[in-house]
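Please find the structures below.
One chain, chain A, appears in both complexes that follow, with chain B as partner in the first and chain C in the second.
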Partner chain A sequence: MSEDATTMGKPVFSPFNIAAGVILLVGGVLTILRFTFGFDAVTNLSDYNPWGIWISFDLLCGVALAAGGFVTSAAVYLFGMKQYRVAVRPAILTGFLGYALVVIALHYDVGRPWRLPYPFLVRQGTTSLLFEVAACVALYLTVLFIEFSPAALEWLGLKRARSIVVKLTLLLTILGVVLSTLHQSSLGALFLLAPSKLHPLWYTPYLPIYFFVTAVIAGLSMVIFESTMAHRFFFHKMDEAHLAEKDVLPLGFGKAAAFVLAGYFIVKVIGISTGNNWHYLATGYGIWYLVELLGFVALPAFLYAVGVRDKNITLIRWTAAWSVLGIIVNRFNVCLVAFNWHLPTSERYFPHWMEIGISVFIVTLGVLIYRFIVTRMPVLYEHPDYDAH
Partner chain B sequence: METIHTLQEFMLHTKNVTYVLMVAALVGITWFWLFLTERDEE
Partner chain C sequence: MSLSRRKFLGWIGAAGMTAVAGRKASAATTHHFEGYPDSIAVLHDTTLCIGCRRCEGACNAVNALPAPEKPFTDLTVLEKDRRTTSKTYTVVNQKSGAGNGKVFVKKQCNHCLEPACASACFVKAFKKTKEGAVTYDQSVCVGCRYCMIACPFEIPTYEYDNPFSPQVMKCTMCHPRVVEGKLPGCVESCPTEALVFGKRDDLLKIARQRIARRSDTYVDHIYGEREMGGTSWLYLSSVPFESIGMRMDLGITPAPELTAGALGAVPMVVGLWPILLTGIYAMNKRKEKIAAEEKAQAVASTLADAEEKAVARLDEVMEKAKQEKTQAIEKAIKEALEAEAKARAEAESTTDQESDVTDDSEKDA
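For the complex of A and B:
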C-alpha cells in the first residue's frame, strides 16, 4: 500500500491522464470565456430560462449525490452499524468533494459570484429558502471538512490535532444529519414558488419530502457505486478490512435502498392522487413521468430486492449505477424538462456545448482531486499508527 | 368520472382515492419487506 509501490511504473501519459489533461485545458479556456465575456458567450440561458445544467446537474445532482456522507456516518455512528465503518471515510470524502464542487459550480452560475457571501455578511433574507440552503450548504461543507480532516491529519502526522477532531465525531455526525435534512428538502421546496411553471405531475406540496427521500436513495446508491469504482481502480490501496467489505456494503446498503425506493414509489403515487393529476398520465409528459416512476423508481427497487435476496452483488452494483442515473433524471425533470413546460419549443432551453464542457470540467476536477487524496491519505486503509474511530 | 366544482368535492374525491391507495400501499410494502428479507436467515 505504500505510495511508491502503487505509483511506480505507471505511465504519466496514460489514456486517462491525457483525456483528463485535455478536459482541464478546454475547461480552463471556457472558464476564462465565462468570466471575461459573461453568460452570453458560453450559455443558452435567457430571461425565460435563467438556469440550466449548472443548476440542474452541478448543483441539484451534486448535492443529492453527495448525500452518501451523512447517510453512511449516520448509519455507523448513530444507528450503530459498525460493519460499515470502513465505508465512512470514502463516503465523507465523496460528500466533501461533491459539496466543494457545488460551490465552485455556483461561482460559474451566479451573475456576480463575489456576492455569494452577501447572505451572511450584508443582508440575511431569512424568509428566503435560498438563505436556508446557502447557510446549510456553507455549514455542512465546513462540517464535512472537519469530519474528513482526521485522514489529512494522520497523513501529516499531527496526532494531537487528530485526537481533538476525532472526539467531535458524534457531534459532527448529528450536525451533518440535521443540516442535510434541512437543505436537501429545501432544494425541493424552492420549486414550490413556481406552481404555474412546473408541470402538475412534478409539482406537488410533497416536493421537499421527495427531494429528501431521493437524497437518501442517492446517498446509498452513490456509496455502493463509489465503492465499486474504488475496488476496481484503487484495490491496491486497500487493507484487509476494506477488501472484506466488498460484499458486505452492497448487501446492506442495497437492502436499505430497496426499501426506501419502495416507500418513495408509494409517496410519488400518493402525490398524483392528492393532486388528482391522473389524466396527465395519458399525455407526452405523463409517459415521461411513468418512465421515471416505473423505470427509475419501481425497477431499481425490485432489482435491489432481487439482488439482496440472491446475494447477487453484480446486480446490486448495476442497480446502484441505474439509481444514480435515476436521481439525475429526476433532478433534470424538475429543474428543466417539466419546468416552463408551457413555453413553445422555440423558447425552451437546451444547454450550449460550453455549458456541458464546464460541467464535465468540474466533474473531472473532482475525480482528479479524489484520486490525489486516496493515493496519499489513509482513506481506503487504516493508518497503522492510529486506532479506528 | 364525476364533475368536480368545489374544493369540498375535490378533497372528497382525492381523499377517497388516496385512502384506497394507502390500503394497497400498506399491503404492498409489507409484501415487499417480506420479499426483501425472506432469505435473511440463510
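For the complex of A and C:
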C-alpha cells in the first residue's frame, strides 16, 4: 500500500488542515500560558471547584469514550464474534490514542505534572480510588500500546517481534478487560467520597457500576461512530474485508448497545428506588435528571432497537452519535452540574474559554495522530504479508 | 517460656499479614476509631467569640502567610461571608444570631479523626498525626486536588496562581508549635477563650458541662463530636449550626468507609475476572471446535454417502451395460442363428432344386 495515496491527492492547505493548524497554534500558546503563569491565567478553577472540564471532559469522558478498545477486543477474542475482527485494530488504535490524550490532558490539570509517577515510585496512596485509577490507566495504556504494536511492527517490517506480540493477544485482551473494569468503575467511585457535594439523584453507591456500564455503552457507540467516520474519510484506505464490514458492524454493535442501554435504564431506576429519591424528580435538578435518563438512555436504547430491527444503518449511526453525547452529558452531570449543587450560583464553575481551548487542542491532536497512523500503518486494511490468523 | 508450634506459626502468619496489608482492608467491621488516645483538639465556643479577628492575624503571622489587602483590625470584612483561601488558613464569619444578636464563627481545617483528604490522597500527602493535627507534605503532592473534592468542610485550597510549585494550603493546627509545647497561634491570641486547647476527651467533657449548665443558651449538640466520624475541632453554638454555615447533613460515617466497598471490590475483580473471561473464551473455543468437528463429520458423511451412491449408480449402470451387452450378444447370436437357419433353409431348398435338376439331368442323361 502506498502511503502517499491520500497525501498526494489532497492539497496541504485543505480547509481541515488550516483549521487544525490554527487550533494547534492557539493550543500551543495556551500551553505556554498554562505552564508559565499557572492555573489562574487560563482556568476558572477555584477552591470550591477544584475539578473543571479537564477532569470532566478530558479525563472522565476521554476514558469512557476510549472504551471501544476493550469492548471490541473482548467481543472478538473472548466472546468469539469473529465477524467483527476487522474492527479490532481501529478500535484498539482509538482506545490507545484516547488514553494517551487523557494522560497528556492530566499534565495540564495537575499542579506538578512531573510528579505524575510519584504514586507509583515515591509513595503509594493505596487508600485512594485515584491510586487505583492511576495504576490501571497507566497499565492499560501499556496494554493498549502492546495490543496496537503489531500494526506498527507490520509497517516497520519487524516480523519476528510482531509474531511474538500476536501470541500474547488472549492474555492482553483479558488483562485489558480486567483493567478497564477496574478503572472505568473507579472513576465513578471517586465521587463516593463526596456525598455531601453531589446531588442525591446522581450520588449513589452504584456509581462505580453505572460508570462501568456506561463505559461499555460508550465503547460500543464510539466504535460505530468512529467506523462511520473512517468509512467516510478513509474508505480509500480500506480493503475488501473492511469495506464489507460497513453495515455488519453497526447492526451487531447497535444491537448490543440497545440491550446494555436497556439494562442501564433498569439499574438507574433501581438506583432512584433504593435511594428513595423520587421526590427530587419534581425539582429543577430532577427534570434535568429525567432529561438524562429519558433523553440519553431510554431514547437511544429504543432508537438502537428500531434501527437494528429495520436494518436502518443511518438511524443506528445517528443514535451512536447521540449516545456518545449522552455519555458526555452524564460525566458532566456527575462532575460539574450536580456537583456542588448546594453552592450559590456565584460560587459555581463555568469553564474559561482557554480551558475549552486546551481540550479542543488535545482532541485535535488525537485526530491528527489518528490520521497520520491510518494513512500509513495497516489499520483499515490487512497487511498483504500477514494473515491475521 | 514454652512456645508451641501452633502459636509460633500464628505469630509468623500475623506478622506476614500485617507486613503485607499494613492494616485491615475491610472497613465493614464493628471496629470504630475514636481518635488517637490523648490527642489534642480545640473547642470553639461561638457564644464567646466577639469577632475581633485576632486569631486570623495570629494565624497569618505564625504561618508566614502573605499580608492581606485590608488589615486584620478592619472589621468591615466581616460583612461578607468568606472561606479559607490559599493565603488564609482561617476566617471568622459573622452570622445573625437570636434576635438582633450576632454570632461569630471561626472556620479552619477541622482535623478529622479519619480525614477524607487523607483517604483521597494517592501519595499519602496527608497524615493524621497522633498529636491530632492533619498535616500535609508538599514534597510528594502531585496537585490532583482530589483532597479538595473529598473534604466535606471545603477547607483545602490550592495555589492556582503558582505555576511551578503550587501547594495545597490549609490549617496545620500549628502542628510544629504544638510539638514544641506551644499553643496554636489562633488559640494563643484569642482574648475571650472562645478557643480552648486541650485533650479531645477533656474538651468533650467541658463542652457537655457547658451545655448542661446553660441549656437555655446552647444548642444541645457538640459539632465535631461525631460529624464525619469526629473531628479534632469541636464547636458549641447558641443557634442552630445550619444557620451559622455548618452543615448538619454530613452524617457520621468516616470518609474512608464511603469508598471501602469500591476498594474492596478491586481484589475480587482481579481474582475472578480472568477466570470468568478465560472460561468464556474456552467455552467459545470449545463451541468452535465442536462446530468444526461436526462440520468435518458432516462433510465426511456426505462424502461417504455420495460415494456410496456413486458406487451404487455405477454398479447399476454397469449392470445395465452388462445386461445390454448380454442382450446385444444374445440378440447377435439370435440374429446369427436366425441368419444361419435362414441360410440353411435357403441352402436346402437350393439343394432340393439342384437335386431336382440333377434328377432331371440324371433323367435327361
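Everything below uses one rule, namely that the second predicted complex is superposed on the first by the 387 of 389 C-alpha atoms of A that agree within 3 Å, B and C clash if a C-alpha of one lies under 4 Å from a C-alpha of the other, contacts with A are read in each partner's own complex, and residues count from 1 in each chain.
By definition in this document, a contact is a pair of C-beta atoms (placed from the backbone, for glycine too) under 8 Å apart; a residue touches a chain by one contact, two chains touch by 3 or more.
Nothing here was measured: the structure is a model prediction, and the numbers come from that model.
Contact with chain C, but none with chain B, is seen for A:L170 once the two complexes are overlaid on the shared chain. Legend: residue contacts after superposition of the two complexes on their common chain; A:V110 is shown touching chain C, with no touch to chain B. Of the two partner chains placed around the shared chain by superposition, neither chain B nor chain C is touched by A:V42. Touch criterion not met for A:L144: it reaches neither chain B nor chain C. Of the two partner chains, neither chain B nor chain C is touched by A:L101.
Shared-chain residue A:I270: touches chain B; no touch with chain C.
Residue contacts after overlaying the shared chain place A:R309 against chain B, while chain C stays out of touching range.
Of the two partners chain B and chain C, more chain A residues are in touch with C.
Once the two complexes are laid over each other on the shared chain, residue contacts for A:L365 go to neither chain B nor chain C. Against chain A, in their complex, chain C makes its touches with residues 83-86, 116, 118-125, 140-146, 148-150, 152, 154, 156-167, 247, 249-251, 255-256, 258-259, 261-263, 265-266, 269-270, 273-274, 277-278, 280-281, 284-285, 287-288. On the chain A side of its complex with chain C, the touching residues are 34-41, 43, 45-48, 50-51, 74, 77-80, 109-113, 115-116, 118-119, 122-125, 127-132, 134, 170, 173-174, 177-178, 181-182, 185-186, 189-197, 205, 208. The part of chain A that touches chain B in the complex is made up of residues 255, 258-259, 262-263, 266, 269-270, 273-276, 301, 305, 308-309.
Against chain A, in their complex, chain B makes its touches with residues 4, 10, 13-14, 17-18, 21-22, 25, 28-29, 32-33, 35-39.
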